[in-house]
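What follows is chain A paired twice: with chain B in the first complex and chain C in the second.
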Partner chain A sequence: MRVILMLIKKEFLQVYRNKLLMSILIVAPLVQFVIFPFTADYEIKVVKIGFIDSDHSSLTRQMVEKFTYSPYFINYGFIESRDQGEALMMQDKVDFIIEFPSHFEKDLMNGLSPQLAITANAINSVKAGIGSGYIKNVISSFFNEQKEGLANRSAQPANVSISKVYWYNEQLNYKNLIVPGILVILVTLIGAYVTALNIVREKEIGTIEQMNVSPIKKWHFLLGKMIPFWILGMVEFIIGLLLMKFIFGISVQGSVGALLLCTSVYLLVMLGLGFFISLVSRNQLQAMFIVFFLFVVFVLMSGLFTPTEGMPQWAKYINYANPMSFFMEIIKLIVMKGAGLMDVMKPLITLFVMSVFINSAALLSYSEKKK
Partner chain B sequence: MKELIAILQKELIHIYRDKVSLFLVLAMPLVLILLFGFTISTEIRNAKISVCDLAQDAQSKALIDAFRASGYFKIVHFPQNPNEINHDFKEKQIKAGIIIPAHFGSQLLSDKESQIQVISDISDINVASVLNNYIESVVSHFEEEVNESGHYSDNPIQVSIQMLYNPELNSVYMFVPGIITLIMIIITALMSSITLARETETNTMRMMLITPVKKIYIVVGKVIPYMGLSLLSTIMILGISVWVFKMPIEGNIFLLLLLCIIFMFTAASFGLLVSSISNTQLDAMMITMMGLFLPTVLLSGFLFPLDNMPFIFQILADIFPAKWFILAIKDVMIKGAGIADIWHYILILAVMSVVLLRFSMSQIDKRRKQ
Partner chain C sequence: MYSIEVENLTKKFGHFTAVNNITFQVKKGEIFGFLGANGAGKTTAMKMMCGLLLPTSGKAKIAGFDLNAESKLIKQQIGYMSQRFSLYDDLTILENMKLFGVIYNIPRRILNDRIEEQLTELKMFEIKDLLVNEIPLGWKQRLAFATAMLHHPQIVFLDEPTSGVDPIVRREFWSLIYKAASQGITIFVTTHYMDEASYCERISIMAEGSVQLLGTPTELKQQMGVATIDDLFVKFVKR
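And then the complex of A and B:
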């Protein structure tokens, strides 16, 4: 016990003296909390739109005006020709071009169904899809208004309106998803990254050999490494929770105790992973690459930035080995949906099994190395 | 010249001996692009929903069939009471609940006006916004069907939409330029700054500096192999995006490669600057990660649209080279732009490299005198 305490003390001293590590521990969460939520926003709010009007009628002008009033569109104005339109699209000055054919109004009045041509810049497929949806909505609502004006149309078409109720995130705010996601990233980085780099450094400068020849037992070594970083991770997490509450006004809806318990188990998985990686890699560069590689895969498949529902089945199977996706699920359940300990039992047990597995693998490979 | 080749050789042996890193460096772009291309799609199939049908008439049945036939939804539960939807969110993990009110059909036929209620789980806003679009499109199809059977022509304006540059709305188009950028930064900036920092950390840099080899040869010789590696990776990414994802290269391939080489210089200059101010590998790694990698992910417009960001971040984005490189690469690859269209991007990148290079050279000189 005394040995472990000494080791923990040594580790904290090392962290404290390492200015870089200290600044990472303090600056990283602050930077992430300040930058991420403002930049990570997928919502398509601004669509730049231009018009080619070959009709020059009052109807087309009214329609253009209707687009100008909509908050989603920035009206670029009228474009002379298709060629000019394509040139503007090339320079990203417009995202959509709406082209009114000549005799648009006349044809419409005569019931000839004129055609409206929309050209979209589809490099950003999401923007193209959602933007054309917005445009169609504006057109059909414009048309409905027009129809009400035309008195002779007795036969009104049927209409189903949709009233929407949003749960768990009433304002449809991306920050409510991104900010808890940052907490996950933070804990993962502290757990895996810092631990792996720390141990590999000992290996590189040879102090691990000194430890191996000292009477320190291997589980002493393991605990002496893990406990300090576990504490650091928890402290970071709690700081993150406070920042989340006081800067973004997102408070944990569910049980905070359950959240802390889940985080501590997740940290064990990440610490074990960091430990394991440090044992298989020869230098800091290697360790960094392995952690980074896993980290990118974990994040991309965790459902933080993109929905996991759309993944093919084989990817979903692979995702069962991704601890971050389980932790992400827990965070969503507890922070946003107000779940308690019982609701997150399944992912929590999965994480626990993972932590036992990875830590015993690390311990085994460490004792193998020691021989 | 002989000296340069000797340094090059030494660095190549370093790279070759660290097979794990080499493997990871070459595998990373592959995994990234396959992940982005295959698993990350904004299309959702078989999302679980509950439908509470209080009307139980022909029209409500038709609407439910429309939901089922769309393929986007899987109806897991038909609760009798709207309150049960509440439980379904937790127990059945549904993504949305739909309530069809009593007299849905009769209202639709007599008043031409009816309403359904949709309750969505917005805890995952990515999923929810996609599902909401699906629900709207299913309902509007349903409206059209009802109207057609009643012989109304609802929408006399025909709307034709042409998707320019990316007719199949493939999301890989967005990601390929971004992945090329990230790989270039990881290999050219990160790896070269780390290898230079390693020489400083293990004091071998001093040994090299007291040899008759010129300083410039040491730096160039150490950086060139990584540039070669990153060019190799870039070609690999382009190959996969063309052959696996059928992404066209509309513009001139040599212009594209020229662009990549220029950006490589920018990244290498950044790496040099980092190594000149850091003492250990860890320093170099962290500075590159925080100073270049993170801003590239967040502020280059490849993952998150720049339009939405607060003004200050849009200005910040202009300072980092990645934004300009991605804009240029997109123009050449997808829009088929020529050099006349992108010369200003090339100029910006070139100026950035020169400034970074000047700065790092003066840093190295300062150090040497100490």
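And then the complex of A and C:
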């Protein structure tokens, strides 16, 4: 016990005196929280739109005007021909072209179903998808407004109105997802990165040899490394939760106790992983490369940027080995859906099993004696 | 009474044999110089004796314990100072000594007394709260030696303890070694300085993984018909 306490004290002294690490620990969460959520945003705020109007009717003009008023659209104006439209799209002057066929108004009034074409630049498929959603909304609300006027006519165009209610994130605010996601990234980096680099550094400067020649027990050494970084990770997580609340007004809907418990187990997985990586790397560069590689895979498959449900089956199997996807699921459940401990039992137990596995593997492969 | 008995100790890295079947004994309280050209296998041999490296074959008894079976027990009985300085640079002198004292399970009160005693002897008591990276190399090395001695080991392994420091610091360092040896501690030291080799009671010269010569400096000089250990070393390595 005395040995472990001494090792913890040593580690905190070293962290405290390491100005670079200290500033990373303090600045990283602030920067991530203040900058990232505003830049990593799926909401499309500027859609450039142009019109090919072969009808030249009052109806089409009114509709174009409707787009002009919307803050989400920049109206390029009328385009002469499809060729010109294509050229404009090549130059990125427009993202969408709406084409009204001739006799659009007349056909509509006569009960025919005239078609209007929306052409989208789909290089950015997200923008194309979301943008065409916006356009459909504008058009359908336009027809709703026209309904009164058109009601007098015998042939009334069919009005399909779709009403949507989004649960758990009523405004479909992307920040509600990305901010908790950043919390996950933060905890992962502190856990795996800092631990791996710290131990490899001791290898590089030779102090680990001085430890290995001493009668210190290896689980003492392991705990002496893990406890300090576990505490640091938890502190960072709590700072993150507070920033989330006070900068973005996102408060945890579910049980905070369950959230902290899950985080502490997830940290154990990451610390064990960091420890394991430090054992197989010879220098900090190697360790950094391995952590970076795993980190990218973890993040991209975690469900932060793309829903995991959309993955092919084989990828889902691979994802069972991705601790971050389980933690991301827990975070979503507790922070957004208001889940309690029982609701997250399954991913929590999975994380716990992972932590036992990776830490035993690290402990077993750590040997004071080189082969 | 031997404190180190090495028998046919061998270390192979793949096809390369770093240490080839070495056998020798070191008496208790002896200052034993372990000489050899760069790459002769000195550090490898020493690391095996300290339990840092697994021998490929062979046996050894260190402080009366079997190297293969009782390496945990050996660790409490030995001190080790590696080729590169390996105390924590970002801890103070006092913090380093306390850390290693605790790791060697020295009871608190005894540890505090020993630290005070050592710091006074090293004339470092006033600067005990300086970070180790703020003190000169010669001081660091004496500090590392004092730290390796805190738990009163039976044997101290020193791997080129005085490389890179001036002759005055080296002399100071050797007075520490003599003092330790006079207390019955066995000193196992590697060095490149031939004047230091002549301070040793017995020396061995290693080449290509084997111990080629072993004896007192005087014996070896007579045996090879040379005047100085320097000549002995040069003549031997050229052979």
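Operating definition for what follows: the second predicted complex is superposed on the first by the 292 of 371 C-alpha atoms of A that agree within 3 Å, B and C clash if a C-alpha of one lies under 4 Å from a C-alpha of the other, contacts with A are read in each partner's own complex, and residues count from 1 in each chain.
Throughout what follows, contacts are C-beta pairs under 8 Å (C-beta built on N, C-alpha and C of every residue); 3 or more make two chains touch, one makes a residue touch a chain.
In this text the structure is predicted, and so the values were computed from the model without any measurement.
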Task: Touching partner for A:V297 - first (chain B), second (chain C), both, neither - done: first
Open item on the list: I want to verify the contact counts: of chain B and chain C, which reaches more residues of chain A?
Closed with: B
- [ ] Tell me which partner A:I35 touches in the superposition: chain B (first), chain C (second), both or neither.
- [x] first
TODO: Once the structures are superposed on A, label A:Q14 by its partner contacts, choosing first (chain B), second (chain C), both or neither.
DONE: second
- [ ] Return first, second, both or neither, reflecting whether A:S141 touches chain B, chain C, both chains, or no partner chain.
- [x] neither
Open item on the list: Output check: A:L116 vs chain B and chain C. Expected answer is one of first, second, both, neither. What do you get?
Closed with: first
TODO: Please indicate which partner A:M211 is in contact with in the superposed arrangement: first for chain B, second for chain C, both, or neither.
DONE: second
Open item on the list: Applying the document's definition of touch, where does A:Q84 land relative to chain B and chain C: first, second, both, or neither?
Closed with: neither
Task: Residues on chain A lying within both footprints (that of chain B and that of chain C) - done: none
Task: Contacting residues of chain C [partner chain A, same complex] - done: 47, 50-54, 71-72, 75-76, 78, 80, 82, 84-91, 95, 98-100, 102-105, 131
Open item on the list: Taking the touch rule as given, give the residues of chain A at its contact with chain B in the complex, in rising order.
Closed with: 20, 24, 27-28, 31, 35-36, 38-46, 86, 89-90, 92, 108, 111, 113-130, 132-133, 135-136, 139-140, 143, 155-170, 172-174, 176-177, 197, 201, 281-286, 288-290, 292-293, 296-297, 300-301, 303, 305-307, 309-312, 315, 332, 336-337, 339, 343
Open item on the list: Could you list, by residue number, the parts of chain B that touch chain A in their complex?
Closed with: 18, 20-21, 24-25, 27-28, 31-32, 35-36, 38-45, 47, 63, 89-90, 95, 108-109, 112-130, 132-133, 135-137, 139, 142-143, 146-147, 150, 152-167, 169-171, 173-174, 186, 191, 194-195, 198, 280-283, 285-286, 290, 294, 298-299, 303-305, 307-310, 313, 327, 330-331, 334-335, 337, 341
Task: chain A - residues contacting chain C, complex - done: 2-3, 6-7, 10, 13-14, 17-18, 205-207, 209-216, 368-371
